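What follows is chain A paired twice: with chain B in the first complex and chain C in the second.
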Partner chain A sequence: MAKHARRATAESPIARIALIGVALVFLFLFLLLPLLAVFAEALRNGLQPFLEAIVEPDAWSAIRLTLIVAAISVPLNIVFGIAAAWAITKFDFPGKGILITLIDLPFSVSPVVAGLIYVLMFGASGWFGPWLQEHDIEIVFAVPGIVLASVFVTFPFVARELIPLMAEQGRDDEEAALSLGASGWQTFWHVTLPNIRWGLLYGVLLCNARAMGEFGAVSVVSGHIRGETNTMPLHVEILYNEYNFVAAFAVASLLAMLALVTLVLKSILEWRFDYHRTGTGH
Partner chain B sequence: MGITLSGISKKFDAFTALGNIDLEVRPGEFLALLGPSGSGKTTLLRIIAGLEFADSGTVAFDGQDVSHLPVADRQVGFVFQQYALFKHMTVADNVAFGLNVKKRRDRPSRQEIQARVAELLDLVQLGALGGRYPAQLSGGQRQRVALARALAVGPRILLLDEPFGALDAKVRKDLRRWLRELHDRMGLTSIFVTHDQEEALELADRVVVMDHGRIEQIAEPHDVYAQPASAFVYDFVGESNRLPVTIAGGAVRFGDRELQVGSDGLADGPATLFFRPHEAVIVPDGPALPAIVSLARPKHGVTRIEAQVDGLPHPLEIDVAGANPPKVGDSIAVAPTRSRLFPHPMAD
Partner chain C sequence: MVQVNGGTVALGGQQIDRSIAPRAARRRRSVMPGFGLTFGFSLFYLCLIVLIPLSAVFVKTAGMGLDRFFDVAFSERVVASYRLSFGAAFVAAGVNAIFGLLIAWVLVRYDFPGKRVVSAMVDLPFALPTAVAGIALTALYADTGWVGQYIEPLGVKVAYTPLGVVVALIFIGLPFVVRSVEPVLDDLGADVEEAAAALGASRLKTFRRVILPAIAPALLTGFALAFARGIGEYGSVIFIAGNMPFQSEIAPLMIVTQLEQYDYQGATAIAAVMLIASFLLLLLINLIQIWSRRRMEG
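And then the complex of A and B:
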């Protein structure tokens, strides 16, 4: 066959150029331009106001809270995600289908509803509200509520990434390890975890991006107390509503930076992950 | 180490994988579990290993009940069909795994482990490849790594699930012979699962033929072929021709034609007559099956003929020796020289 023979699925050159053109214009208009606009707005008055907006105490507090929320919810997610994926792929038990559906729930439910669930449960007039008040425990309109809401909305990321991967890998490696005398923990640590490490990292990355960027659910439970219960996305909204555009866009540009870093890391991981899975690694 | 299975049953939901299996494996024996897929042979192997647990019945090693011991405590070496090598570990680390995970007080020193790994890699003729990763090995090499890894912990019993299934024909033949030698040298009791009758007959001391979760026959390879215990075994082990016949007053009839074969002492009624391709001759005429040759091709020094018989869905397969075999289109008469009758016509 000739080297440049056209494949049956190949379009004519004009159609190809048109399709690629449409895709590129679309990407530029809807993705790249807004991203550039964020940075342009943030730096409109130069670097000085930009930096000032970021080190301003309320903004700094929002950044810190966002990092704390991510630092708590991501590790929890890793544990839940691995446990759920492990249970679903390595064991047969009644209720497996329900568990899989439940894992997907945060994807199908609006984040606002997710936030309201926690207000309903832990708010002052919620189910556990009076009891919590008696014991002086604050959940809603405080950091614990924000963490809970973040954990809820990010729950599927690690599990969803690991379930197909672990299902594909089957149980043979684990059974081999057990037959060689390894304990359950040794099997997990030396066999399962290395097998899933790239998929796990990928899930963690997406989970982290969402935990830091979540708006809806967190907005409901946060109470918007400046310098206390505002995460970065919430702080951006407040600044924007106050017509403080430079500061709003400065904080927003940090979130955009996070997105860009996430994308780069994601590409690297995807490349590494494929490399590993095709068995040509090392 | 002898293995005694008594009354082993296993169900997966409504599917009966094993129904009341009794089996005695002699110490030092090389045993084949032979059967089609779904016959329960792999499930039985996994129950012996402790990777699966029977719903009822017991597994005993040298008389000691191990039914409830997990795989880690049974001291069995298990070689998986796809080898299940740890991809992220070198060959040497794979082999050392079983030693490295031992509790500290039982664990050999680092030097001892290295020496043991080197010894095992030599044993499986992979001495120079300890630093490679599984992805860099051929199928046959991976299989030998899996074996070395299983042997590292000093098992008394070696269990192999379709050990040659994923290899090409040439490698398979070499590995077979090599595995048999290894088994004899190490004095293991070995059980392997296979769906390949040739493999089972060539390699094993005894063959256990299984179908639908039951043992059809336990016998030495020659007897499995020469004295099949059931129609299933006859059909599964070796090539065969099947003929629906009726027995009446000691005579065996195919349609209205009487055949010159013994009735094997079967009662009157429908039965199935089996004969192998090389256990029939072409005769000029007489009490034989009239047939038309539909295919003739050389095979292992004889000519394999396919002959259509009226009223049979499949052509008969006959091996004909000699320089002048019949040609396609010839009318011939086929007479079995040796055959077996089994009652109950088999469903096709």
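And then the complex of A and C:
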């Protein structure tokens, strides 16, 4: 335990400082600098143009749509995540491994392909295209398509956080509650949910960040109608392509702040509640 | 446990030990409720959101005929985009394997001020929307940017070149390697390192011969995850890539280009190639995990 005597399994102080230095320089160059650049570019011409870009009506409607999309897709994936984790960890059935792999599948699909598949399903020449047109229902190039694409890309977040956590906790608590006469729902609300709340919150945080920030998948199904089907990331792209850099970075800085808040909350969960993440998040 | 119980039951004959009774009963019928509901809903939702839409890619591809498929999915311009996407993802994953390992090592083994903040920072690419990362990196590496203005006079052009694609994919992939390697490095017992040191191995030799083999599966997993993510990445890349045909077009961009020309077949054919590539990678990652689990147990 003595810190002054160098152990045989420790590096020399010089090597240690050099390794820490290289790691920090790499992180500064590749992670911190881009983050700083967002805020620097947004405030390049001072506070006034920054604020104007944010309160502008198209920016507002993009913010509103982003919040709506997250408010629909995150709860859907929470329900799915809990249901899937319950089925997988509380019961034994053949093909469990395949089911877990399939749940992770959306993470290995390119966001652009994630958008394309809904165009193939619901687009004008898609499987359900003619029927949808007949009934005057718009999915692709409208809000429902954006929600579907967001649900797809955030599909695994809650489930993959809960499955290892609930597997580790086992079935004993629930079995005790059930044998004492609690109903299934009571057991879930009063036993399971308190047990998994931090893991659930962790998954929801990551799910929400991705839902609000998704670009590729949403870009394919959105149709890019200003003020109507533009989410915040898409609005950033439009402004940027119009060489309206300050406005693009101003809206981008809101998304960067969302990312920072997500990281802070995530870190608080990890430190304060000693919640250890169980897998590699995406 | 099961064997012991079985033994008791066999010994006692008809007299079943009281402590075993619930266990035996559970084996017949689980007391846990909700299997039908949760399993049914999960499967329904999985099919509705993921499996059926994904199958559309293959059904549509199968309907277009082999000649047409090869014409669009392997045209010269599209092949160039695969080369860039796979090549840049490979290089970026390689850079991340080296520096990700170094960062994981520093975070697990050393103490330094601000370590918690640094550790939280590593997850930034998971939290920052890709489009934001894309325009920020472009601003940094453009000829007037904070980094670009110093490296362009040296003849290194990053923005609007394939090198820019690599830089964006380094940003996106770094946490995959760090978060894969960290827990394994943390679990590594000091005893093997002490044994190596006691036998006279230098620190570098211990690392190469003892530590590196132990963390190899995790490092390989991190590499594969970063590589898989890099192939499909779109938002962070398109701004910095420049998107010059045959030079700096990535494969996902080719899908978008086809879609913009209302060539759904073309887009679908390229998507099918990319999906097969990601499925193969997913299989590989699962195999690495099985291999590492066997090694841990063996």
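Keep in mind that, in the parts below, the second predicted complex is superposed on the first by the 261 of 282 C-alpha atoms of A that agree within 3 Å, B and C clash if a C-alpha of one lies under 4 Å from a C-alpha of the other, contacts with A are read in each partner's own complex, and residues count from 1 in each chain.
In the analysis below, a contact is a pair of C-beta atoms (placed from the backbone, for glycine too) under 8 Å apart; a residue touches a chain by one contact, two chains touch by 3 or more.
All values reported here derive from a predicted model rather than from experimental measurement.
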Partner contacting more residues of chain A (chain B vs chain C): C
Which superposed partner A:71 touches (first chain B, second chain C, both, neither): neither
Contacts of A:190 with chain B and chain C, given as first, second, both or neither: first
Partner chain in contact with A:225 - chain B first, chain C second, else both or neither: neither
First, second, both or neither for A:34, with chain B first and chain C second: second
Which of chain B and chain C A:177 touches, first, second, both or neither: first
Those residues of chain A which chain B touches in one complex and chain C touches in the other: 175, 178-179, 183, 280-282
Partner chain C, residues of chain A touching it in the complex: 8-9, 11, 15-16, 19-20, 22-24, 26-27, 29-35, 37-38, 41, 79-80, 82-84, 86-87, 90-91, 93, 99, 101-106, 108-113, 116-121, 123, 125-127, 148, 151-152, 155, 171, 174-175, 178-179, 183-184, 187-188, 206, 209, 212-216, 219-220, 232-234, 236-237, 240, 245, 248-249, 252, 255-256, 258-260, 262-264, 266-267, 271, 277, 280-282
Residue numbers on chain A that touch chain B, as the complex places them: 172-173, 175-183, 186, 190-191, 194-195, 279-282
Complex interface listing, chain B residues touching chain A: 49-51, 70-72, 76-78, 80, 82, 84-88, 97-98, 101-102, 133, 135, 149-150, 152-153
Chain A-touching residues of chain C, taken from the complex the two chains share: 30-35, 37-39, 41-43, 45-46, 49-54, 56-57, 60, 99, 102-103, 105-107, 110, 112, 116, 118-133, 135-137, 139-140, 145-147, 167, 170-171, 174-176, 179-180, 190, 193-194, 197-198, 203, 206, 221-222, 225, 228-229, 231-235, 239, 251-253, 255-256, 259, 264, 267-268, 271, 274-275, 278-279, 281-282, 286
